Amino acid sequence: MDKVGIVGVGQTKYERRKVGETYPDMIYEVTVKALDNAGLTIKDIDNVITVSNDFWDGRTISSMAVQDACGCRHKDISTVEGDGLFGAFYGAMRVLSGSFSTTLVVVHNKCSQSKMNLITNAMFDPIYTRALGLDAITSAALQARAYMETFGVTEKQCAKVSVKNHGQAKNNPYAQLPLDIEVDDVMKSRVLCPPIKLLDASPITDGAAAVIWADEKAAQKAKAAPVWLKGAGHMTDAYHLGDRDLARSPALVGAAKKAYALAGVSDPLKEIDVAEVSDVFSYMELMWYEGLGFCSEGGGGQMIDQGLTGMNGVLPVNPSGGCLSANAVMVAGLARLIEAVLQVRGEAGDRQVPNCKNALAHGINGPCGQSHCVMIVGR
Amino acid sequence: MAEWEQATEDIVYRGRIKVPYQWWVGETGSHFFIKLRDEKKLLGRYCARCNLVFMPPRQACPRCFNKEMAWRELKDEGTLVSFAVPAYTSELHPLEPPFAYGIIKLDGADTGLTHLVAGFKEGRLKTGLRVKAVFKEDRTGDIMDIRYFQPV
Amino acid sequence: MSQKKDQELLFVSSGEAEQPFEWSAGKHISKLLVEMRDHKRLIASKCPQCQKVLFPPRRVCADCFVEMDELVPLKGRGVIRCFTVLNFGFVDPNTGLQKPVPLASAYIQLDGTDTMFLHALEETDFHKIKIGMRVEPVWEEKRQGQALDIRHFKIIDE
Amino acid sequence: MGKRTAIVGTGQTKCSSARKDVNGQELINEAVRRALEDADLTLSDIDAIVIGNMDHFEGINYVDTWSVDGSGAYLKPIIKVTTGGTTGTTVAFAGYYHVASGLFDKVLTVAWEKNSESDTTGAIVTAIEPILERPTFGGAINAMALQASMYMAKYGATEEDAARVAVRDRKHALNNPYAHLHLNITVEDVMKSPMISYPIKYLDMCPRTDGACALIFASEDTAEKICPKPVWVLGLANRHNYTLFGDQPLVPMITMVEAAQALYAKIGITEPLKQFDVMELYMPSSYSGVQWIEELQLCPYGGGPELIASGVTDMGGECPINPSGGVLSTNAIGATGSQRVAECTLQIMGKAEQRQVPGAKMALASGFGGCFWSDLMALGARKPG
């Protein structure tokens, strides 16, 4: 693989409701931030990937809203619909193809503007499943139960993820929900759909994010040292929930395998210094530890018990606070990647993991983490 | 922010997307729903190459693309693989509480059908429970011709 | 396949399902809508770099990639740059009901602006509409801060 | 540097106004299966998949994950790209970049739409800015008519000029078994058809179609082993400028002007009419068939009517346009751009049967959509240097 690296990043503050801001307002903010961060101007950008979702935005061709704001006039541009990390991966491919020297990737979502359960119900098959009324929470509860019962993972272990990530968010000025909570608070929080409680679930969030990819030559022009793409992979599981073994994530195993192979990683727990994973629900983080090979199958609960993924653990996970602390759905994966970049740069402030060389970012698409993207960036 | 911006109220426009959809079920699915509607029978599709019976039915095997799949009649009883009892109300919920979402592996099938579970006492659902389909009286040829599954 | 060729082919209907949205207008469009609602006035944005005046107002000048803070009041009249009269019925996605046709619409360039924008015309006989004709807005009595506070534009003699 | 990339297989479904015999995933599967057969590959050969359509046309969120049973993405990488009418070309672009990046050797792309599942114009209206534009917008017919009225006023083009394109494309479709409409019509028929949005009459406009189109892209490492005549991607360019419809001059359509300039500069095109042997262009109304060939530099501005009348773009002419019958004969919107690429591929492979342009070696495919957006992809028989 040729070299492609991130030279600029930008995020909005993640908030429950940005009532005065439109999608282009947010995208302009993060585009300018990413350009400033890179020390580049819009003229240095030779193609753009926007990422958005037509359901969340209530607009077919939702990308149309942000064409002016992402500075794409007179440039090649395309649009990925899905999690921002998948969009970032496609943005990197376009540089690797040799056609472009830089790609700006932008993503936006205002979850406050629509109804989460109606939007996520539309993920389900209109012929066989949708009329049942499943949404992101009830479907996740099906998976949580399957996973927890299969491996004996407890609600308290899941609660520890929430405590960890909300606590870590206190050091991230962009996070929406920095919280000082204990396991008991999570256990006593309002039950949404057992085993999922309010503090096991990520919030409704508005926000946007941007990154700039550059090839080796273009990166020289940027003021920040590039954080290189070391490896990436993506993969999807079967669609119907009943076709899947919901307790396991073979698609994540496959995506990680590809990313590790490209990055030359054989023991992720040792070789990855920090990981930002998609903790849309607290149980997911534990499941993804397993899929990412941080521990053996069923070992996620023990991993959190042992504190291995806390800030002082062997592999800190979600120093940003994760999706539990801000989840502008499409933005989530790119927010994970941006945190990974900041960690590698040593710019993560009070949440900095010392001596971070390789960082992992992870994003998901579809019901119950059906599709995964894993990316490893480093010095 | 310019002065006029600070002084301007934030207008929020309330609208909707209400496009009517009709999703064609296709020949395979239509056969399945007609059997369900007319005979209260549940049919899966068998791939001999993968030796798997899929439920809901597929025209071709989603694993190996085999198009020569066969119909297999399944029992209207099965095992609860997982379940979820929502503790919140939603306009989407088709039943009054208590009800559950369930993944049900029908006897004779290798994959689970996601559907509703009802007719249970609160707190009494368990994975592994045996459940049986309760059919609607006036069936119209769609997945809701099964009202729900209830514990045997 | 075992089923007959002339078999009944079923469909599943979405019925009355809909997704509601609350779209933020943002400061620029909010200001425009407030001006329309309260004063029957139109405003545009002016780019500090290229000096172009863009209607409807918005934050970013796409050509210069700069923010536009300056608002410019417009007189409200304009000229038809192109037009059509639609006779093809369709479902209005905002109501789920048939949209009334004929629907006459035009790209109108308002005096003092460098862009066109889409709105409805009063005249629905296409023989009577010509490119270059002058138009002015017809305001609703009760205005709610939305696009259709201008019911349509009517052709005027000047 | 990136890998040189070719198309080694295409698959198109039967297209009709309502494919009631298949659901969405099954329609996709029909195209995928045909593409694999065409390339003589199996699903296990495919390294990654790209899919595209428009969410609100079928009311399905996360089409990438929904599609798995049809697209064959089980335990494979898949992403969704979508850009409105340009989706079909956007999908093909993404297939190209996946392979050219060197990360995937064989990539399957699927573009599809089942327009029969919703009210197409109602769904198209949802593509527009919701607060200011949506309340008065009347869909694609409306947009095409607005542009046509401006073009006619500027250059004095007539309704008959456009009707000739409607007749040409429908005539070409008679030789294409994949086309939705097979209409043998005359200019008089077009002129007599009902006015649906002045100046567009019923026969000036594309149909709404159910259909899917799959393409298989392969790198220079394997393309020639898979396929005796791989069709190389020579270059591609697009412009998706503008957020609001009225921001741009519609005549000329600036996105296509810029995309053509960028593409032609990249691959050394100075006389497109001579250098391309055939073109498949996304032109949803007969009027766009007159105007947009000017943006593509096939003739000077205002020269479209004369070029059409000269027969240069007919079968047997110097540069036939739309041997497939074009969008006026088939418009499964999300699939449409990919169908243009597929037809160019068939022409260069020499597989276009009754509609074969003899000796076709270079072809141009276009996509159109969004806010008057344009995509262009040039394809050729000769491997790029």
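Note that the chains take the letters A, B, C and D in the order they are written out, and that residue 1 is the start of every chain.
Here is the rule we use: contacts are C-beta pairs under 8 Å (C-beta built on N, C-alpha and C of every residue); 3 or more make two chains touch, one makes a residue touch a chain.
Note that the structure is a prediction, hence the values are computed from the model and not measured.
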Checklist entry - Which two chains have the most contacts between them? => result A-D
Next on the checklist: Taking the mean of the C-alpha atoms as each chain's centre, how many Å separate subunit C from subunit D?
Outcome noted: 28
Checklist outcome for this item: When centres are defined as mean Cα positions, the distance from subunit B to subunit D in whole Å is 36
Item to check | Interchain centroid distance [CA atoms averaged], subunit B/subunit C, Å | outcome: 41
Item to check | Whole-Å gap separating subunit A and subunit D, where each centre is the average of the chain's CA atoms | outcome: 33
Item to check | Multi-chain contact residues (two or more partners), subunit D | outcome: 20-21, 23, 56, 58-59, 68-69, 74, 119, 122-123, 126, 130-131, 134, 241-243
Checklist entry - Of all the residues in subunit B, which ones touch at least 2 other chains? => result 10, 12-13, 15-17, 19-29, 62, 142-143
Checklist outcome for this item: Touching at least 2 other chains, the residues of subunit A are 19-20, 24, 55, 58, 67-69, 73, 118-119, 122, 126-127, 131, 238-240
Checklist entry - Looking only at which chains touch which, which shape fits best: line, ring, star, complete or other? => result complete
Checklist outcome for this item: Touching subunit D in the complex, subunit C uses residues 9, 11, 14, 21, 23, 25, 29, 33, 54, 56, 58, 62, 81-88, 90-94, 99, 101, 103, 105-107, 115-120, 126, 131, 146-148
Checklist entry - In their shared complex, at which residues does subunit D touch subunit C? => result 20-21, 56, 59, 119-123, 125-126, 130-139, 141-142, 145-150, 153, 194-200, 241-247, 250
Checklist entry - If you look only at subunit B, which of its residues touch subunit D in the complex? => result 13, 15, 17, 19-29, 58-60, 62-65, 67
Checklist outcome for this item: subunit C partner, complex, touching residues on subunit B are 1-2, 4-5, 8-31, 33-34, 71, 141-143
Next on the checklist: Which stretch or stretches of subunit A touch subunit B in the complex?
Outcome noted: 19-20, 58, 117-118, 121, 126-129, 131-135, 137-139, 141-143, 145-146, 149, 190-194, 238-243, 246
